[in-house]
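Two complexes come next, and they have one chain in common, chain A, joined by chain B in the first and chain C in the second.
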Partner chain A sequence: MVTKEEIMKIAILSKLSVEDDEIDKLTKDMGEIISFADTINNAADEGVEFDNINNLSNAFREDKVVPSLEREKILANAKDSDDGCFMVKNIMK
Partner chain B sequence: MSESKIARLHEGLVSKEFSCRELTEKYIEAVNKDNGALNAYVTVTPETALETASIVDDKIARGEEISMLEGIPMTLKDNISTDGIRTTCCSKILEDYTPIYDATVWKILKAQNAVLLGKTNMDEFAMGSSCETSYFGGAKNPHNINHVAGGSSGGVASAVGGNIAVYGLGSDTGGSIRQPASFCGIVGMKPTYGAVSRYGLIAYASSLDQIGPITTSVEDTAVVYDAISQYDTMDSTSQGRKGESVRSTLKNDIKGMKIGIAREYLEGIRDDVRNAVEEAVEVYRSLGAEIVYFDLPSLKYALPVYYIIACAEASSNLGRYDGIRYGYKAQNYRDVNDMVKKTRSTGFGDEVKRRILLGTYVLSSGYYDAYYKKAQNLRGKIVQSFKKAFEVCDVILAPTVPMTAFENGHAVSDPVETYMTDICTVPVNICGLPGISVPCGFDNKGMPIGMQLIGDSFCESKILNAAWQYEKAAGKFKPAGFGVKL
Partner chain C sequence: MKYELVAGFETHVELATDTKIFCSCTTQFGGEPNTHCCPICIGLPGTLPKLNKKVVEYAIRAGLATNCEIAEISKMDRKNYCYPDLPKAYQISQYDKPLCEHGYIQLSNGRKIRILRIHIEEDAGKLVHRRGDTLVDYNRGGVPLIEIVTEPDFRSVDEAKEYVEKLQNIMRYIGVSDCKMQEGSMRCDVNISVRPEGSEKLGTRTEIKNMNSITFIAKAMEYEYGRQVDLIESGEKVIQETLRYDDATNTTSGMRGKEDANDYRYFRDPDLVTINVPRSLVDEIRESLPELPEEKKERYINELGLPEADALLLTKYRKIAEYFESASEGTKTPKTAANFIIGQIFRTVETESEKEQFDVSVSAENLRELITLLDSGKIRMNLAKSTLDKMLETGKKASELIDEKDMGGLDEGALDELCRQAVENNPKAVSDYLAGKEKAVKAMVGFVMKNSRGKADAALAEQKIIKLVKNS
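Coming up: the complex of A and B.
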């Protein structure tokens, strides 16, 4: 059974905050979803490993310079940018 | 039977029965009139559509040849990037995001002057089976707007089923093309993994995602698939189509074709759906196909395996939404970490958050082996069992969904119960196989029932051939009471 503490821990790992009024419902939902995932516990999986689908290997292309995206266009989607850079609050004092 | 709408409109354009502008205006009017009821489109692009239409009309006036898809009004699911046109994934976190490049599939179609009417509704980040996790509210079923269109490509299915688009492209991670096509009584195909480029498709679960067509006839699906199945240097999983145009083999005889039925697919299926599929079996018998029954015991693990793998990949793919480079950004925060947390917590909807949490859980230390690793091993087992199945049959016939379209609001109450509706569609994604849903009947409320044909990797031509022969002999497509009357 998944606990509130575990939910809070994975929320931190996921960079999601869980409010006090959400935690009970979320723990219940996650408990149900995880016990559904638990149905694979008893399945035999010896000797089988999954490598990739359809025996795909990386479809590499020739490594040559091609036109890339324009900096101004990229920055146009950011909420805060300055001097060709994305802006965030300072991370070091 | 359902004839090729694309071929008919193409003929009309070439013979100057109507101009591309007239055709496009008709569809724009229909979108304006019916989108309020269907909620299929989240962004409309009438100016772009009319500009393209006049290019096509000029070409026709000059006597130039036009391709099959040239000038045909269509739509794209709102997770397919369109340069300069808002692409939201139907999430608050991307509500004002405008891509600066085109997805390869759109680049291909745009080069053929496809007339884009707008971008269509979907479950947020393609996570859902009813379209109701959309930030913009769910798309409605054109056969009865009190029912959902299905998901996640619900908007495309609603628009195509309601004839406010001739065809559309959706994406299918666990059934998101086939399930809404089934619910809306139309055709939808998830191609083989690698057959169609995913460059520019906003990622949900990269080892499962695939773009494919949603249309009103099997022939239209073949036409669209032929156009988009090209090798692309921008997608490292790209292979393109293997072999000839699938349209050229569509009408082949299927005498002696081996149609496989896995008993497990018919367990727990609603009676009317099972009956409709069994009637289709009889149609195939009458067409001279051989019916082969077999067991696929590993199918019972497909659904949990799918959810573990899909959510694990989603938790990683959705890590990029941090409010810094694009998309929604929270206000009033203490520091960068707090900003990212607030952005994600208020930008993502509940279902997306649940799947990120589940994905993080199954990948976290102490749980990785029990869930993710085990699910990957079982994935290998399921792949093997399908490979074995294709030693005894050419094509597998199964229901697409265990039921018909649920009423609005029914799907969102219980997450696990909603996941169960994907039981027949997820194995195809787990194994990277092609699958097509074709209408095969109606329930007692008049809601469509769909059946699914599954082929071995890169055998799209076989499933399309089998689907076309069924459609010709006993097709169950029925126009809904919306959109352009042709």
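Coming up: the complex of A and C.
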């Protein structure tokens, strides 16, 4: 069972703000998702190999350099930038 | 009470690929901020990462060189945490199916440091903290790393130092990383705890993050060991936390409460398919591995008959070993080349980085030529030594510095004549010697060497002179 406290903890870790009236619904939904995952886990116990379920593997790239994107384009969506860098609020306390 | 140090290492090594782990941007160090970036490595929505094949091969190389088992099936996972150095708010790493597991590195005291795992992951960007804001440069973001995790098998700071040095040398020998600690291409996190000697139970550990020099690692470990012992002695408890080492004050301080592994909410990265490692690839990589420093050292001792100290000095850096092997090839005894390199050529390379580069003015071929002259009896050891000094100074070949008349031994008659002159011209040395000062004979030998232009056999000359003096 998923508890309201767990929902709040995950919300904080994910930097999501959750309103009081949303908690009950989220807790119920998350509980259903987890129990669905449990169903899959039980199937795994029956010898089903989940590591490569879609039979796709080894989609590799060769180690060859391709020019990067111009910096103006890299920074185009940044809220703020300075000195060619993304700028964010000070994260050191 | 006596305490025992218990430590484990997590070492990040940047792989020497040309491109990043999931995109084709360059991995070059430096560069203007955010000029080695593309939509994939800055984590724009809708982009699809694709794994660099070389990263997998290099990680397997590293695994084989540290005696690991290589997984048949491996995969990539997302490690979630929010920090501006990660544009996607998760790092693509490996959780429960790392590429390599269960290896070890053996230390000189015979103890094995077990390697729990080696996994591949992407590096984070670089943050510059300013007053009020933080600047983010993602050039390093997405550069491939391997993380090498040991079991808590270290019992002393010296073991830790040796391990880091050995690991660094192995990675350089196999060519997967330059392991430049000062440039951050090798960084260590150390887990430390203490326990009463003889106890089996592990104490509460702290983790010192991101150290980039062996000296700092040693100092930080010593400081942290002392701090934990003091806490326990005074009845307090060690708190499990992540620490930063400050080399200016030689102290550690807390960074943040260590999060539980669960908090990273690892899950499989659905954008990246399974990695299947065919055994044929593992065999191929195993065969392509060069002889490792440890194996080389053993071979130098057991097959070439070098003393252990020489073998250690010659195998520490790959370039020195290659130089030695080339210079001694086909010569009478490898010890001659070893002596010249350690005794004379090492004087011209002082720092560790100079030794590593080993860019010396005498080529291995030219040293071999000098040794061949010596082996064939054309020149004697003292002339060879002084010629090598001149070669180091001028970069010239031995054959350019020694002319024909210096070559060839001195015939017996000429040596007898020179010895006779030496005794005649050094009456003081003769009387000193007869008065019991045995060292006085050296002056007369010196006379012979000088006047034979170094061609004379010094030991033979000494015998002859002593005979002459005693019979006079």
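By our rule, the second predicted complex is superposed on the first by the 65 of 93 C-alpha atoms of A that agree within 3 Å, B and C clash if a C-alpha of one lies under 4 Å from a C-alpha of the other, contacts with A are read in each partner's own complex, and residues count from 1 in each chain.
By our rule, a residue touches a chain if its C-beta (ideal position, glycine included) is under 8 Å from a C-beta of that chain, and two chains touch if they have at least 3 such contacts.
Model, not experiment: these values are computed from the prediction.
A count of residues in chain A touched by chain B and by chain C gives the higher number to B.
When the two structures are aligned on the shared chain, A:Arg61 is found in touch with chain B and with chain C. Of the two partner chains placed by the overlay, only chain B lies in contact with A:Ile34; chain C stays clear of it. Contact with chain C, but none with chain B, is seen for A:Arg71 once the two complexes are overlaid on the shared chain. Residue contacts after overlaying the shared chain place A:Leu13 against chain B and chain C alike. Applying the stated contact rule after C-alpha superposition, one finds that A:Phe86 touches each of chain B and chain C.
Chain A residues 10, 13-15, 51-52, 54, 56, 58-61, 69, 74, 77, 80, 86, 88-89, 91 lie at the interface with chain B in one structure and with chain C in the other. By the touch criterion given at the top, residues 2, 6-7, 10-11, 13-18, 26, 29-30, 32-34, 36-41, 43, 45, 48-54, 56, 58-61, 69-70, 73-74, 76-80, 86, 88-89, 91 of chain A touch chain B in their complex.
In the complex of the two chains, the chain C residues touching chain A come out as 17-19, 24-26, 32-39, 42, 44, 50-54, 56, 73, 75, 80-84, 89, 97, 127-138, 263, 265, 272-276. Within the complex formed with chain C, the chain A residues making contact are 10, 13-15, 51-52, 54, 56-66, 68-69, 71, 74-75, 77, 80, 82-92.
If you check the complex, the residues on chain B that touch chain A are 97-98, 100-101, 192-194, 207, 231, 233, 235-239, 301, 304-305, 307-308, 315, 319, 322-327, 329, 333, 335-337, 339-342, 344-345, 348, 353-354, 356-358, 360-362, 364, 370-371, 374-381, 383-384, 415-416, 419, 431-432, 457-458.
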